[in-house]
Amino acid sequence: MFYREAGQFKTSYASDQAIFPILQDRIGIAVILVAAFSLPLYANDFILNAVMIPFLIFALASIGLNLLTGYTGQLSLGTGAFMGVGAYACYKLTSIWPDVNIIVWVICSGFFAAGVGAIFGLPSLRIKGFYLAIATLAAQFFLEWCFIRIAWLYNYNISGAIEVPQRTVLGVIVTGPRATSETRYIVVLAIVVAMTWIASNLMHGRIGRTWMAVRDMDIAAELMGIRLLPTKLMAFAVSSFYCGVAGALMVFLWYGGAEPAVFNINQSFTILFMIIIGGLGSLLGAYLGAALIYILPIVLRFVPEWLGIPIHAATVEHITFMIVGVLIVFFLIVEPAGLARLWSIGKQKLRVWPFPY
Amino acid sequence: MDILYSIFIDPFVQMAQAPDLFVQTLWDGLVGGMLYALIALGFVLIFKASGVFNFAQGIMVVFAALTLVGLHDAGVPAFLALLITIAVMFALAFTVERVVLRPLVNQPDIILFMATFGITYFLIGFGEYVFGGDPKVMPVEDFGLEKGAYNIKMLGGLVSLQKLDIVAVIVASAMVAGLGVFFSKTRIGRALRAVADSHSAALSVGISLEQIWVIVWFAAGLVALVTGIFWGARSDVSFALEVIALKALPVLILGGFTSIPGAIAGGLIIGVGEKLAEFYWGPLVGGGTDAWFAYVIALVFLLFRPQGLFGEKIIERI
Amino acid sequence: MRAPDTAPRARVGDVLLSVEDVSLSFGGVKAISGVSFDIRQGEIRAIIGPNGAGKTSMLNVINGFYHPQQGRITFKGRTRAKMRPYEAAYGGIARTFQNVALFRGMSALDNIMAGRTLKMNVNFFWQLLRYGPAMREEVEHRRVVEEIIDFLKIQEIRRTPVGRLPYGLQKRVELGRALAMQPELLLLDEPMAGMNLEEKEDMSRFILDVNEYYGTTIALIEHDMGVVMDLSDRVVVLDHGIKIADGTPDEVKRDQAVIDAYLGVAH
């Protein structure tokens, strides 16, 4: 009823090229943003710390991978390692220059991940599909090995793990064990929202079109003046930048410390599954997929408990694996464009409701 | 200079000084490589016949072994357990065809590839749910296989060959030979190859895609079972093997996706290469190189010879 | 349609592209051997021949997708060595494909906008913000693209993902995408394959209009002889990778070698 675009006429190409051309969508986004930023006022620590912060971080990593896999069509299994590069870069930067604003270092660490990502993206000029996926496995295992063997990266700690030092921004403690979950949540939210906005800008403009052109038909793209190598490398770099920032956020604003196993191949798969289920080539899909895959185990753990059925933590993990496996096959068969597509179908239905024809 | 010496000269000096150690490392590498080759063989079978790049092959190895050991631990006699496991692998092939492959006929390769991720995860969850997540021991003696080793005096030292490894080499060779004959000489084998070339063309000459797919997935399941038994005998059976199973992927890059000899050669090269590299050069960089050696070799190959050792060069057409 | 001319008309100018003694083979199989011809500014040049004559390979050579083993190609007075396809695009060569090669996941509008890529140059920083110069550029090119959309009469399918369009419209969008590059030389690979009569007439009209209004030089491969004879100024005929005739449609029609090639007389 209320979801109509009737009466909203575009008078310029600029307004027609807007990212949310329909007024109701713009209102919806505004409401969500206000709700998200005011969440600390009424949510408890558990919701912020164990649900929202990880959800946002996974969403950011999923956006990163989606830029590469969903938009540019380059399958990568090295996401976990690229996140690790971000995390270790941030750790080293703040160890060497402790006085610089930690948020600056979190963002900067993305550039290190971008550089590494671009190097491992080089084979993408000659190979595609699962060949490329295997090439990115080289990145995954090699970088993971570096995180373990290069002691300089974790400041020669005996444990081999990194521990996040306390850092303040404008007098407020942002990282370390004494940072409140409210502060960390707001910082994560602000970074994730800003980077989502930037990703959306990129994808709606020339760069997004060239990436999708390479994904859909690389030969035709090249014959239209799109140079493949720079385009793909840029996709690798931008994607890894996002993953790197997500990795830095994960360690600095969620875990508070990390060992190399955090960035192993399973992390890569988790992110990949988020975008398959959420929707390849959709920013909204990255959020939906992250929500589904991250929140599913939490629901599985707590719902039976509330119902009075005790369920073993290991069993939860096994069931989660099974459900995720089934969901992947289900979405690939039924709706390869994922949850995001279901959402847009729903929106379309709403638009023409109650007369579907 | 010291670095150059320790990279280019010292390892070879060591090899010459202790030839028995060198032979031992070589043998260990060969056996390890053969197990990679066997996993890769399962990939090749499925890829050749259905064009599906089955990421779940490594997991099928673990799943088969886990089923076998799980049944045996539950008190089922060894050979009955073996039969039931074979039946389970058939059921798996049948289910995969019905639930995953059939609805995805003629989808892009990459979609099918990702669907096998789904199978992988389901099998991990299912296997652990049914049989539990802790590592298990393969009861090799109950299958009529002997443990222990032959110690051979040679080159001024001792080289020890595990009896199990020798049996594994023999069985693997027999299986590869059998598959070779099957593909080139039998009617079903030729039909399998026809399906690989083009799904729709195979359909139009009356080959049943469904049956073929069940057959190759079952065959790959049997290869997985054999691999799983020998692998399980060398280490414990658990899904931690998954990471090792992934090494079959670089093996495929070396050998090409459609070549059985390629899979074998690739497996052996990677197996021997990573053992030698770790033993003689690993200490220079702090060890643990076998975690990535295979992948980096594959990466180099991808850059300079993407079609693998035995593959044909692909000409792109528009 | 027009009566076929016997002499090149005034709108046809100097040689735009010349192909000299080009040979191309794939691992021993000769696709093209020793073919020479030229394309003049402003003309519609047809390349015809039976299946497997090497026509598409010829287009692939012209826009740099294949590299001939022998021969020279001179475009706009510059003889070029090995060239990547994107360089051809920058030089002003656009093309459509035998099997429609649209970007299937994108809307018709985005496909045609993608054709403007090489004319867009606002830097990455503004792209990140999608503001100021980036937005101005976007709108400016949208205007050009809308003209093409009007010209091809595909306004109502602007927002439709091209994968869902019927074949005839896909071909039209593909032409639009090539036009968006504002090429000097437009290569059309069987623009009317698989079309019904009405669609063919529409497409012929578009091709003539492109040639006339934008002055674009066109080289096209086509199997429908009626279309070829009506549209083109000059025709080159290939058979088994060899040029067997070259001239105006009338000359070619009367050429004995051509008749033999099409009727399959033993050589």
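The letters A, B and C name the chains in turn, as written, and every chain counts its residues from 1.
Going forward, contacts are C-beta pairs under 8 Å (C-beta built on N, C-alpha and C of every residue); 3 or more make two chains touch, one makes a residue touch a chain.
From a predicted model like this one, the values you see are computed outputs, not experimental measurements.
Enquirer: Among the chains, which is located farthest from chain B on the basis of C-alpha centroids?
Expert: C
Enquirer: When all chain pairs are ranked by how many C-beta pairs they have in contact, which pair ranks first?
Expert: Answer by contact count: the chains A-B.
Enquirer: List the centre-to-centre spacing of chain A and chain B in whole Å, with centres computed as mean CA coordinates.
Expert: 33
Enquirer: Express in whole angstrom the distance between the two chain centres, defined as the mean CA positions of chain B and chain C.
Expert: Taking the average C-alpha coordinate of chain B and of chain C, the gap between them is 49 Å.
Enquirer: Any idea how many Å lie between the Cα centroids of chain A and chain C?
Expert: Each chain reduced to its C-alpha mean, chain A and chain C end up 41 Å apart.
Enquirer: Which residues belonging to chain C are in contact with no fewer than two other chains?
Expert: 65, 97, 101
Enquirer: Any chance you could list the residues of chain A touching two or more other chains?
Expert: Each of 219-220 in chain A touches at least two other chains.
Enquirer: Show the residues in chain B shared as contacts by 2 or more other chains, in ascending order.
Expert: Residues 318.
Enquirer: Which bits of chain B are touching chain A when the two form their complex?
Expert: Chain B residues touching chain A: 53, 99-100, 103-104, 107, 109-111, 113-115, 117-126, 128-129, 133, 243, 246, 249-250, 252-253, 285-289, 291-292, 295-296, 298-299, 302-303, 306, 316, 318.
Enquirer: Which bits of chain A are touching chain B when the two form their complex?
Expert: Touch residues, chain A against chain B: 75, 122-123, 126-127, 129-131, 133-135, 137-138, 140-142, 144-145, 148-149, 219-220, 265, 269, 272-273, 276, 314-315, 317-329, 332-333, 336.
Enquirer: Which residues of chain A touch chain C in their complex?
Expert: 12-14, 16-17, 19, 198, 201-202, 204-207, 209-210, 212-213, 215-217, 219-228, 281
Enquirer: What part of chain C is in contact with chain A in the complex they form?
Expert: 63, 65, 84-86, 88-90, 94-95, 97, 101-106, 110, 113-118, 120, 122, 124, 127-130, 134-135, 137-139, 142-143, 146, 177, 181
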